[in-house]
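See the structures that follow.
Each of the two complexes below includes subunit A, the first together with subunit B, the second together with subunit C.
Moving on to the complex of A and B:
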C-alpha cells in the first residue's frame, strides 16, 4: 500500500502540472439588460460544466469559468478584463459591442483572443488586421444582408420602402452602411429610424412608421427597446410577417410581453432553437439534475441560453483544435488563437457533439475570422410559444460586404499602425 | 386638410398622452419632496419594485424562491394560485405601505436635520438596495403584466377621424387608460389634501415642519403617509409602463423621463408635474416630428432637457414651484 502511494506520488511529480483551461465569462446578471445576460451566461457556463462532469474537461484538462459582472457597462467590462486576464484567460466573449471596441487594442497587445459572435466590430472579420479578434459564424453586416435576402425571397424589392429601426448606438448604427449599399444595388428606399437608449418610449418612431408606411421594418435593438418596438408595431397594426429583427432582437423575452400580438414576428439567427438535441439530454443529466446548473435550469432551449451554450461549444472546439495543433492539453492564449484560426465546424462534428443541424458549417482562416456568414430566419409561433426556423442557413451578399470589410479594416490598420498579414 | 398638418395633430395628441405617463412618474418625486424636502432618487426603482411585486402576487410566485431553494435544496417556485388583478393591486399597495414604514423607521428617522445632500445620498443607496431586493425576491426575467387594461389602437378615434379628415388618428387605448387613471389619481390627491385631517396635516408639514410639530402633528406619521402615497403612485406608474414593455429592470430608468418634467413644473407642485409632463410630452414629440428628420432623429431624450433648461432660465423655481426668498 505504501509502495503504491509512493509510486503514485512519483508519477504525479514526474507529470507536468495541468492548469485548468480558463474561460472568463463577462456576464451581466444585474441592471436593465440582465434578462438577456442571464440565460446567455447560464448556457455558457453549463456547457463547460457538462464537459467537466461528463468528459473530465477538454482533452483531459478541466475547464474553469471565471464569471465577472459587467452590468453591460463598458468601464466595468474593461475592469473585468484587467482583473481576469492574469488568470490564464484563453478567450474573452464580452457580449457587448461597447466592451468589444475597448478590448480590441488590449487583447491584441496582450495576445489573448476575443470572440464576438454576431456582434462587435464587423470588419474584425479581416484576420490579417484583427489578429486576435474573431466574429464567426456571422456578423452584423451579414445580418443586414440576410434580412434583405429574405425580403427579396418574398417578392420584388425594387421600389419598396424599408425602415431600419435601430438602437442609437455604435451597435445599432452598424448595418446602415451595408443597407445603404444594398439599397443602391437593389433599388429599395431606406428609411432610418433611430431609437435612443433605453427605448422605453417609442411613440414618435412608430407614428413615423405609421405615417410613412414602409413595406418592411428591420430592427437592430437590444433589451427593452425590442419589447416596446414589438408592442408598438402591434399597436399600429404593422404586419408582423413584414417585421424582422437581428438575432439580438429575437429572444423569447422580446415577444412574450406582447402576447398573441407578436405572433408571426421574425428574427434572424445563426444557430438553431429549442432543446430537441441529444446534447440537451446530457445537459439535464450531468448538469441540471445534478444541481450544478449556473442558473435555475429552466432556460434550456431558449434562444439566448442556446446562444450562450453555442458560444461555449465553439470555444471548446477551438481549444480542442489548439490542443491537436500544439500536441498539448495545457494550451496558452496564443495557442488558443491558433485553434480559433484553424477551426472548422462541419455537420459531422456537430452530430458527434450531439447538436446535429444546430449551427451552420463554417471554416475560419487567417484571412477570414468571420466564417461563412450563414444565417437563417426564425418566426415566433405564439400558440406553441416557440421560435421556428422557416429557412435554412443561407449566405449573405459578400459582393457588397467584403469590400466594406476591406475598407473599414484598412482604415483601422492605418490609424493603428498595423501592417496587415498572417501570423 | 394637408397631410402634414394632420400628422402634426396626431403627434401632438400622442405627446399629450406620453406627457401624462411622464407626469405619473414625476408625481411621486413631487409628493416626497414637498413633504420632506427629499429628492427621492429611488422613485423609479420604487415603480419597478411595485410592478415586480404586483406581477409576483398575481402569478402566485414565491418571493425569494431562488434563495430559499439554494439554502434548503428545495424546488419551490409558485404557490399554485393566481390572484385577481384588483386584489393583487391592493396587496401590492399594502407592501408599499410596509416599505414606506421601513424606510421611515430605519433610514430617514435617523437622518432628521441632516443636509439635503445626505438625504439625497441615502435615497441613492435605497435605490440600489431596493433593486437588489427586487431581483432576489422576484427574479430578473421579463414578466408580462396584464391587469386587464385595453391595448392597441382606439378603433373609434381611428374611424371617426378617418371619416372626418380622410386620415385615422392613432391613439393607444393604454394611453387613454393612463390619462383617465392620472386624472382620477390627481383628483383623489387634491381631495385628500384639501378635505381630510391627514391631508391638511400633510400640507401643514409641507409648509413648515417646525410649526406643524408645534401644533402636535407627528412628523413620523406624515412621512410614512407621504412615502406610502408615493409608493402607490409608483405602483400606478409601474402598471402603466410595465404594461407597455413588460416588467423588467429597465423600468427603473423611467425616472429619467421625470427629471425634465420636474425641472419644468417645479419640485413642489402637483399641477406643475401634470402641466410639466404635458409640455415635455408634446414638446419632444413635435420637435422629433418637425426637426428630427433633418438632424438624424432620436432627439427626444436630449430635447426634453433642453426644453426644461429654457424654462429654468426664465423661471428657476419651475412653472408652478414656490419661489424661495431668503432674507438675511
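Moving on to the complex of A and C:
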C-alpha cells in the first residue's frame, strides 16, 4: 500500500495548472517505431514552444504540452490517455492507428476531441457519426487513390499488376477495401503482401514480389518496416520509380539507410517539405537557438518534423477558432471540438503564420471531418538528400471513397448505437 | 510473534487442512478481501482502474492459468498470448451474436471455448516434453495469431481487422464499452479473479492437483503409481486454458475495448505472462498475484516517479524503466530462484520465530 501512496503522490505532483491550454503529446521515442516517432513529436512540441516564447501562447493563454511515451503500444497508449485526460487535455493526437481505435469510443464518451491527421479510422471523416474524431486534411483512402492516380498518370493501368506491401495491422489493412474497389473500376490486378509487426524481416515478401513481378508496389509501412522494405526492394533491383509509399513511408529516415539505391523512391504527402519557410526563422530564433527544442533538436526540416509541426499548427489554429467562437481564452475540450469543426485553413492564414503554401486549403464541417483529401507525390533525390514534390496537390477519387466512408461509418453507428446527426 | 500458533488449536481435519491454517494469515486474507470488495470500488477513479487495477487483476487470472500448466503440471507453454486471443475472439463473437446475454455468461463460455482449443494444442504434450513442447506451443501462438488475422469471420468482416467491444451489461450495470464506470470495470474483474483463485487453489490441493504435481516431478514414477498421464496433462491444459481464456476475454472486452490480434496478443504477451509466473513463483497461487503485480505495477510506478515526480524526458524514463525492471528481474532470480512467493514464505517463517530466531 506504500507503493499506492507514492504513486498517488506522483499523480498529484503532476497535477494540473488549469489556466494552461493542455496539449498531450502521446509520443514514442523508444521501440521499433522511434525513428519516425521522434521527429513528429519534436515538431509538435517545438511549435507550441514557439507560440509560448514568441506570442505568449494561444490568444494570450500559454500552451502546455504533456509528453507521454506510448512506444506505439496500445496498452501504454490507454494508460497515457487516462493519465492525461484529467489535466484538461484539449485534443489527442496519438500518431498510431491502433491507439486511435482504442480511443475513439473513449474520447467520444469523455467529450474530448481527437485529431488523427492522415491516419486512424478513415470513416471518421463522417462527422455525423464520429462527433469527436477529426482526420483532416487527408486520410488513408485518399492516399490509396492518389497512388493509383499517380500510376495512371504514367500510363495505362488496365491489366497491370499492383502489389500492396502493408503493415499487418489495422493501419495497413485500411486501404485494402479502397484498392479493391479501384481495381474493379480501373481493371488492374491487386496483390496483397502483408508484413507482420515490426517488419524487420521481409525476405519472403520481397521474394514473392520478385517472383510475381508486379508492375508497381504501393507501401503502407511505418517504423523500421519502411527502411527494411526499401532496402529489400533495392536488393531485388525493383525500379524505385515504380515504388510508392503512403505519407507514413516517406521520411528521410526511411530512405537514407539504402543509400543511393533509394534514389527515385516516391512517397505521398499532404503538406509541403523542406525548411524554406519564414516560420523556420522564428523556430530557430526562439526555440532552437534558445536551447528549448524538444529532443535533440536536430530534426528541423525533416518530413516528419514538418508533419508534427503542421499537426500542432492545425491544433493551435483550431484552438484560436474555438476562442473566437466562445469568446474566452481558457477553452474546454468541448469548445475545442467546436473550434475544430469550424476550422478553416486559407492561404492568407498560412501566410500569416509563416507557412505560405505549406498545406492545402480546406474547411471542416460537421458533414466532413476529413478535409478535401488533397495530396501530392514527392520523390527522393539522393544527391541532394531531399524530397522533391513532382506533382501538385490533386484530389482523390471521391466517387469510390465517399460510398465506402458512408458504409463504414453507418456500420460503426449501428454497432455502437449512435444516432447520426450534427450537434 | 505475528504468526503465533500457540493457542490456535485445530479440532477437526477440515480445519487443519484449510488454506490459511494460521489465524493471523486467515484474518489478513479477510481484510484484503474486504478492502478489495468494500473499500476500493468506492474510491477508484478511471486512472487507477485502467492503468493499475484492471490490468493487474486480468494478468493475475492469466498467470494463475499458466501457473497451473507450467508451475503445477510442469508443461512449458509459450502460447499464452495466442490462447488469450482465443478467449478474446470467442467473447467478441458471443457478444455480437447474443447481445442480450449477460457478460457473466459470455466470459466463462469464452473460457470453455479456449479450454477446448488449448486441450487440442496440448495433445502433443503426450509425446514430447520440455523444450520441444515449448516449441510446439510457440507454433500454436503463431498459428492462432495468423488465423485471427487471416479469417475475416472472426472479426466480423470489419475493414481494419480490429475487434471492438460493444456495450454489454451485468444486471443492468454496463461493464464493457466506453461508458463503463471505473468501479464496474474493477468489480467484474475482481469477481472473476476471486473465483479463479478459489477454484485454482482448491483444484491444486485436491487429488487432481496432486496428480499434476506428480507428473511435474517425475512422469514415469507418476505413471507407475497409477496416475494416468494423458488425463493429468490434458486436464491441466484444459483448466489452464479456461483461466487464460477468461483473462483474454476480460482483457479485450473490459480493459482494452478494441484489439488487434498481432499487437495485443503477440508473442510478447506469452513471455510477459511466463515472466510473471517465474518471478512470482512456480506452483503458487499467491505467486501468480505477486508476479502480475510486479510486472504490471512496476513500469507504471517507475514511470510516475521518473516522469511525474522527477520530470525527466519520457524517452530516458522509458529506457531506464527497461533497465531497472530487467535488473530487478535478474536480481530476484539470482537471490530467490523460487520467486516472490518463496520470499513471502521465508518472511513468514522468520516472523513466526521472531524475536527468537532459534
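Assume the second predicted complex is superposed on the first by the 405 of 423 C-alpha atoms of A that agree within 3 Å, B and C clash if a C-alpha of one lies under 4 Å from a C-alpha of the other, contacts with A are read in each partner's own complex, and residues count from 1 in each chain.
The working rule: a residue touches a chain if its C-beta (ideal position, glycine included) is under 8 Å from a C-beta of that chain, and two chains touch if they have at least 3 such contacts.
The shown structure was predicted, so the numbers you read here are calculated from the model rather than taken from an experiment.
Engineer: Mind checking subunit B and subunit C on superposed subunit A, clash or fit?
Structural biologist: When both complexes are placed onto subunit A, subunit B and subunit C end up clashing with one another.
Engineer: Once chain A of both complexes is superposed, is A:82 in touch with subunit B (first), subunit C (second), both, or neither?
Structural biologist: second
Engineer: In the superposed arrangement, which partner chain does A:69 touch: subunit B (first), subunit C (second), both, or neither?
Structural biologist: Touch status of A:69: second partner only.
Engineer: Per the overlay, which chain contacts more subunit A residues, subunit B or subunit C?
Structural biologist: The partner making contact with more of subunit A's residues is C.
Engineer: Scan A:196 for contacts with subunit B and subunit C and give back first, second, both or neither.
Structural biologist: Both subunit B and subunit C are touched by A:196.
Engineer: I'd like to know which partner A:231 touches here: subunit B for first, subunit C for second, both or neither.
Structural biologist: Once the two structures are laid over each other on A, A:231 reaches subunit B alone.
Engineer: So, A:204: does it touch subunit B (first), subunit C (second), both, or neither?
Structural biologist: Once the two structures are laid over each other on A, A:204 reaches subunit B alone.
Engineer: Classify the contacts of A:369 with the two partner chains as first (subunit B alone), second (subunit C alone), both, or neither.
Structural biologist: In the superposed model, A:369 contacts neither subunit B nor subunit C.
Engineer: Regarding the shared-chain residue A:168, is it in contact with subunit B (first), subunit C (second), both, or neither?
Structural biologist: A:168: touches subunit B and subunit C.
Engineer: Once the shared chain is lined up, is A:115 touching subunit B (first), subunit C (second), both, or neither of them?
Structural biologist: neither
Engineer: Taking the two structures together, which residues of subunit A meet both subunit B and subunit C?
Structural biologist: Residues common to the subunit A contacts of subunit C and of subunit B are 29-30, 34, 38, 168, 194, 196-197, listed in rising order.
Engineer: Contact residues on subunit C for subunit A in the complex?
Structural biologist: Touching subunit A: residues 46-47, 50-52, 55, 149, 158-162, 164, 166-167, 177-179, 255-260, 262-264, 266, 297, 300-301, 303-305, 307-309, 313-315, 317-319 of subunit C.
Engineer: Spell out the residues on subunit B that touch subunit A in their complex, using ranges where they run on.
Structural biologist: Residues of subunit B touching subunit A: 7, 10-11, 14-15, 17-18, 21, 66, 69, 73, 131-132, 135, 140-142, 144-146, 151-153, 170, 172, 241, 244-246, 248-254, 257, 284-285, 288-289, 292, 296-298, 300-301.
Engineer: Applying the document's contact rule, which stretches of subunit A touch subunit B when the two form their complex?
Structural biologist: Touch list, subunit A to subunit B: 29-35, 38, 168, 192-198, 200-201, 203-205, 207-208, 210-211, 223-224, 227-228, 231, 234-237, 253, 256-257, 259, 261, 291, 296.
Engineer: How about subunit A: which of its residues touch subunit C in the complex?
Structural biologist: On the subunit A side, the touching residues are 3, 6-7, 9-11, 13-14, 27, 29-30, 34, 38, 67-69, 71, 73-75, 78-79, 82-83, 85-86, 97-98, 101-102, 104-106, 108-110, 121, 168-171, 173-174, 176-177, 194, 196-197, 295, 408, 411, 415-417.
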